[in-house]
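Here come two complexes built around chain A, the first alongside chain B, the second alongside chain C.
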Partner chain A sequence: MGPFRLYLKSTAMNMRIRMQYPLSFLMQTLAQLVMEGGELLAVILIVDRFDTLDRWTGGDLYFFFGMMSVTFYLTEFLGRGVTGTFPSIVRSGQLDTLLLRPRGVLTQVLCSDADPRRIVCIAVGIAALCMGSAASRVRWTFLKALALGEAILCGMLLTLGLFLIEAVFCIFSVKSVELVNALTYGGRSACQYPVDIFPRPLRTLFTAAVPFALTLQIPAAYVLDKPLFPWPAWTVFVCPLSGAAVFFAMAAVFRRALKRYRSTGS
Partner chain B sequence: MSYIEVRNLTKTFTVRKKREKGRLFREKTSVRALKDVSFDVEKGELVGYIGPNGAGKSTTVKILSGILTPDGGSVTVGGLVPWRDRKEHVRRIGVVFGQRTQLWWDVPIMDSFTLLREIYRLREADWKARLDELVQRLDLEKLLSVPLRQLSLGQRMRSEVCGSLLHRPDLLFLDEPTIGLDAVSKLSLRDFLKEENRLNKTTVLLTTHDMEDVAALCSRVMVLGHGSKLFDGELEELLSRYDTARIITVRYDGEVSLPALPEGCEARGEGGAFRVVYDPAAVKTAELLALLQDAGAIRELTARTQDTDRLIAKMYREMEL
Partner chain C sequence: MGRAYRAVFGMRAKMELQYRGAVLGGFVCQVFFGLILVSLYRALYRGRPQALPIETVASYVWLQQAFFRMLLSSDNDLADKIRTGDIAYDLCRPVDMYRFYYARIAAQKLVGSLLRGVPMIVFAFLLPKGWGLMPPASPLALLCALASLTLGLLCVSAMENITMGITMRTLDPRGVQALLNLLMTLMAGNILPLTLFPDAWQRVLSFLPWTQMLDAPIRLYTGVRETSSVWGVLGVQIFWTAALGLLGMELWKRNREKLVLQGG
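Now for the complex of A and B:
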C-alpha cells in the first residue's frame, strides 16, 4: 500500500497545482475537447460515408475508437510524469532529487505529475464506447465487462511501457527522442481502428511488437462478438497480459539505465 | 572502521566532441573526473571540500550520495554502499544544493514538508516534533503557508535546509549552500549548521568556494584538483603554507618620502600613505618598523595577512589547477 498512498497524496497536490490558474486550465481543457472531439468526428464522417470498413460496422468502429481514447488518456491523466514531464525532470536535474529519496524512482516519476485536462478526452472516449455499444447492440455479460476492464488496465501499462522507452533514451542523452513518438502517438492514432484493416507489416507491428491489437482490440472484438483473430476464447483474457509484460520489461530496463545515469551540472 | 570510507575512487565520463566536417559520427573523448581518490571521515566531523570549478567535487558528492555509480574503487557510508543500497542509504543522509531546489516549487512549503513525511515514512509524532524544532530554529514560522516560488533566496535556503533535515539524517551534504546569500543569511545559516552538528552529531560534508564558510565551519579541509586529492588536513595548516606575505598599511602626518626598504619588501603609495607587502621570513619585522618610524610621524598603522581568496588563488596556481 506504500507506493499507492504516496501516489494519492502526490496526485492530490499535483491537481491543486494544475488548478492554480482556473481560467487557463479551463481554456486548455476546452482545447483538448476540440482536439479529441475532432478525432471522433473523423470516425463519424467515415462511418457516415462508408457505413462499414471491411467487416466492421460504424458501431464497432466507435467502440474501437473509445477503447483507445479511454486507455491512452487515462494513462496521460494519471501517468503524466512518465508520458510528459520525464524529459524535463532529467534536464532540470530533478532526477538527482528523486534518487536522493528512499523510494523507487519510477514510483516518484509517476507521482510527479497528473494532468486533469485529459478528463475531457476520456469523456469523449466513454461517449464513443457508449455510442458503439448501443449501435452494435452489445449484449453485456459479466465476462465482457471483465475483459473490457482488463484490456484498459493492460493497455495503460502498455502505453506507460512505450513512453518508458523514451525515458530510457532521456537518461542517456538528456534529450527527448521524437522517433519514439511514432510508437506512442503513432500507435494511438493507428490503433483507433481495428488492425486487420491495415496491410500486413503494420498489422504485425501492432500485434507482435507494439501489441495494441493483443491488449485492446482482441478484448474489444470479443465484446462485439466478432473475434479479431480465429483464436480460442481463453486467449481474450491472456493476450492483454502482453501489455503488462511490455511495461514490466521496460521498467526493468529503466532501472538498469539509472545505474548508468550521468547527472547534469554541479 | 570509519563512518565514511572512500578507497581509490575513480569516475570517467565519456564526452562527445562536436562533429567534425566530413565525419558521420562524433568523436568521443573520456574525461577523468576522479582519479584514485581516498579518504576517511569520522562521525560528527565537519569537513570542507574545496577545489576550483570542474575539480570533481560535485562528482564525489553525487557518488557518495548514491546518485552516480563510480567506475572503480569502493565507498562505504555507515557500512552501506551508496549506489547499491540506495534506498537504505538515502534514508540516513540529507543533501542541500545551493543552486537547485528539492522542494515543490508551486505549493506552500508546509505542503512540501507534509509530503516529505510520506516519502520518508516518518511517524507523525517524530515528524511533528522535528518540524517544530526546525521551524523555530530556522525562523520559518511565518513562511509555512507561502509557496516556495514567492520566497527570497535566503528564505528558500532555510526551507531547503529544514526539508533536508526532517528525517534526522546522520550525514548532511551541503553543495555551495551560501551561494548568493546576503551577509545576514550567510551568518545565520553557518550558526545553524554549527549548532546542528553540535546537538545531533550530524556529520557534515561541505563543498564551497566561499572560504569564509570553510573557516567558520570546518576544522578539516580537503582540496581536490583535476580529480585528485591534493591536501587533507587542518585549514590553518593549509593556509600557513601559502600565507607567507604580510601587509602593513601606514599613514603619516603630512607628506613623507620613504627610505630605501630592505630587499624583499614591496612598497606602494605616495604622499602620506603607503602599503608595504613583505615576507616575515625574509625581512625582520622590527627592522622594517624602525625604518617606517624614522620616516615621519605615524598617524595610523595596520598590519594584516592576505585575504583567503587570494591565498586560495595562489594555491590553485601553484598546484597548477
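Now for the complex of A and C:
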C-alpha cells in the first residue's frame, strides 16, 4: 500500500476510534465550538467597539480570522499525529516500533491520529470567511479562488512544519517543549490579524521567520483587493510556497534528528 | 481539626515549587502572548481612542497573563483517580474529601500563579508606559485588589471542585472539564479584556461567578471600579464563593452516596 492510501485508510480508522464514545465525543466537540466560537466572538466585539483596525474594515478582519482558523484546524484535524500525539509516542517508547516498520516515520506519525472534533472549529472558520466575504463585498474570480486554495494548502504545510520543530526538540529532550508553543499557538493568535498592524519586530518575525504573512495573508489581502505589501501581483502565487519550503526543510531536519534518536528506555 | 487540610495545602504547595523549568518556558510563552495582545489593542486604539485609557487595557492584559495559572490549572491526579477508579482509596481516608481536595487545588493555584505571576508583574512594570503594567490607582486600591484577589482564589477553587464533582459523574474529564474551562477563559476576560465588551454586557457579567476570579481584582487595581464601591465588589465575591462552595459540597456528598467506580 502506498503512503497516501495508507494515510487515508488510517485516518478513516482513527475517526471511527474517536467516535466510539459518542456522548463524550459530542461534549468534546461542543467544547471546541465554545473555544473557537469564543475567539470569533472576540473579533466581533472588537469590530463592534472599534469598527476598523488601521486600514482594515470589520469584514476584512473576519476574513483574516477565517483564513487562519480554517488552515490551523484543518492541520490539527488531519495532522493530529504531528500536532498532538508525537510527544507521547516518544515518551512511551512507541517510536522504537515505528522505526522497525518498512514505512517512513513521518508517514506513520501522520497515520497515528486524526482529530474529527476540530470539524466545528473549521466550520466556525468557514462561517467567518463567508461573513468577511459578504461584508467586504468580495468580487470572486477564478484566480482569487485559486489563491485561496493554494494559501490554505501551503498554510497547512507551514503549520505542520512548525509543529515538527517541537517534534525535533522532543526527540532529544523527551519532554514536550512548551517554548515552541510561542511559535505555533502564538503565531495563530497573532496572525488572525493582518501583520501590518504589529510593530516591526513582530511583523518581521511573522513574515520572514514564521511566514504566516506570506502564506496566508498576502493571498487573503489579494482576495480583498487591498495588497498587504506593495509588491507585484505575481508574488501572490509565489509567496505561499514559503510555507511548503518550511515544511520540507523541517521534514529533512526531522529525519536527521531521528538518526540521533536514542530510545527512551524500558 | 483543620490540621490535616493545612498539611495537604503545604505539601501541594511544595510540590508545585518543583517544576521550575516548566515555569520558565511557560513564562516566555506568556510574555510573547502578552506582547501580541498589547500590540493589537494599541493598534485598535490608534484608530479610535476610547474613554478607557490604553494603559488600563495593557495592565488588564498583563495581570490576566500573570494570574493565568490561577484560572486554568486543575488537579490531574484527581482526574486520573476518577478515571482509574483509585478514588475508592480516597473514600477510606479519615478526612472530609471535599476539604481535602479544596486545600490541594487552592495550594496548586496559589503557588502556581505566584511563581509565574511575580516575575511577570516585575517584567510588565519595566515596559514603557502604555505597553506595560501601570502602578495601582492608589495604595488603597492595591489593598482592595489584594483582598479581592484572595477571595477570587477561594472562588475559583470552589468552581474547580464543582467541575471535578461533575467529572465524578461523567467519568471522562475531557468533555465537561474542557467545556467549563473554555467558557471560563472567555467569561473571565482572558481572551478579550471584559472592559472592552459592550457596556450593557459588562453590567450583567459583573454579577456572574466567572468575573469574581480575576476581573474584579483587576478592576479595583486599575481603578475602573472606584475603591468606594469595594464593599459591593467584595460582597458579590463572598456570595459566589459561599454559593459555589455549598453547591460543591452538596454535589460531592451526593456523589459519595452513589459513586460509580471505574476499573477493576
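The criterion applied here is as follows: the second predicted complex is superposed on the first by the 264 of 266 C-alpha atoms of A that agree within 3 Å, B and C clash if a C-alpha of one lies under 4 Å from a C-alpha of the other, contacts with A are read in each partner's own complex, and residues count from 1 in each chain.
We adopt the following convention: contacts are C-beta pairs under 8 Å (C-beta built on N, C-alpha and C of every residue); 3 or more make two chains touch, one makes a residue touch a chain.
All values reported here derive from a predicted model rather than from experimental measurement.
K.L.:
Superpose on chain A as described above, then tell me if chain B and chain C fit or clash.
P.N.:
In the superposition, chain B and chain C stay clear of each other.
K.L.:
Could you read off the angle at the CA centre of chain A, spanning the centres of chain B and chain C, to the nearest 10°?
P.N.:
90
K.L.:
Looking only at contacts as defined up top, I'd like to know whether chain B or chain C touches more of chain A.
P.N.:
Higher number of touched chain A residues: C.
K.L.:
For A:R103, decide between first (touching chain B), second (touching chain C), both and neither.
P.N.:
A:R103 contacts chain B only, not chain C.
K.L.:
Quick check for you: in the superposed arrangement, does A:F198 touch first (chain B), second (chain C), both or neither?
P.N.:
second
K.L.:
Where does A:R49 make contact in the superposed view: on chain B (first), on chain C (second), on both, or on neither?
P.N.:
So A:R49 only meets chain C here.
K.L.:
Regarding the shared-chain residue A:G38, is it in contact with chain B (first), chain C (second), both, or neither?
P.N.:
After superposition on chain A, A:G38 lies in contact with chain C alone.
K.L.:
After superposing the two complexes on chain A, what is the shortest C-alpha distance between chain B and chain C, in Å?
P.N.:
After superposing on chain A, chain B and chain C come no closer than 12 Å at C-alpha.
K.L.:
With touch defined as at the start, can you tell me which chain C residues reach chain A in the complex?
P.N.:
The contact residues of chain C facing chain A are 22, 25-26, 28-29, 32-33, 35-37, 39-40, 43-44, 46-48, 50, 170, 172, 174-176, 178-179, 182-183, 185-186, 191-192, 196-198.
K.L.:
Residue numbers of chain A touching chain C in their complex, please.
P.N.:
Listed in rising order, the residues of chain A that touch chain C are 21, 23-24, 26-28, 30-31, 34-35, 38-39, 41-42, 45-46, 48-54, 177-179, 181-182, 186, 189-190, 193, 197-199, 202.
K.L.:
What does chain B use to touch chain A in their complex?
P.N.:
13, 53, 57-58, 62, 65-69, 83, 86-88, 90-91, 93, 95, 97, 99-100, 102, 104, 106-107, 111, 115, 118-121, 175-176
K.L.:
Can you name the residues of chain A that touch chain B in the complex?
P.N.:
2, 5-6, 9-10, 13, 16-17, 20, 93, 96-97, 99-104, 108, 259-263, 265-266
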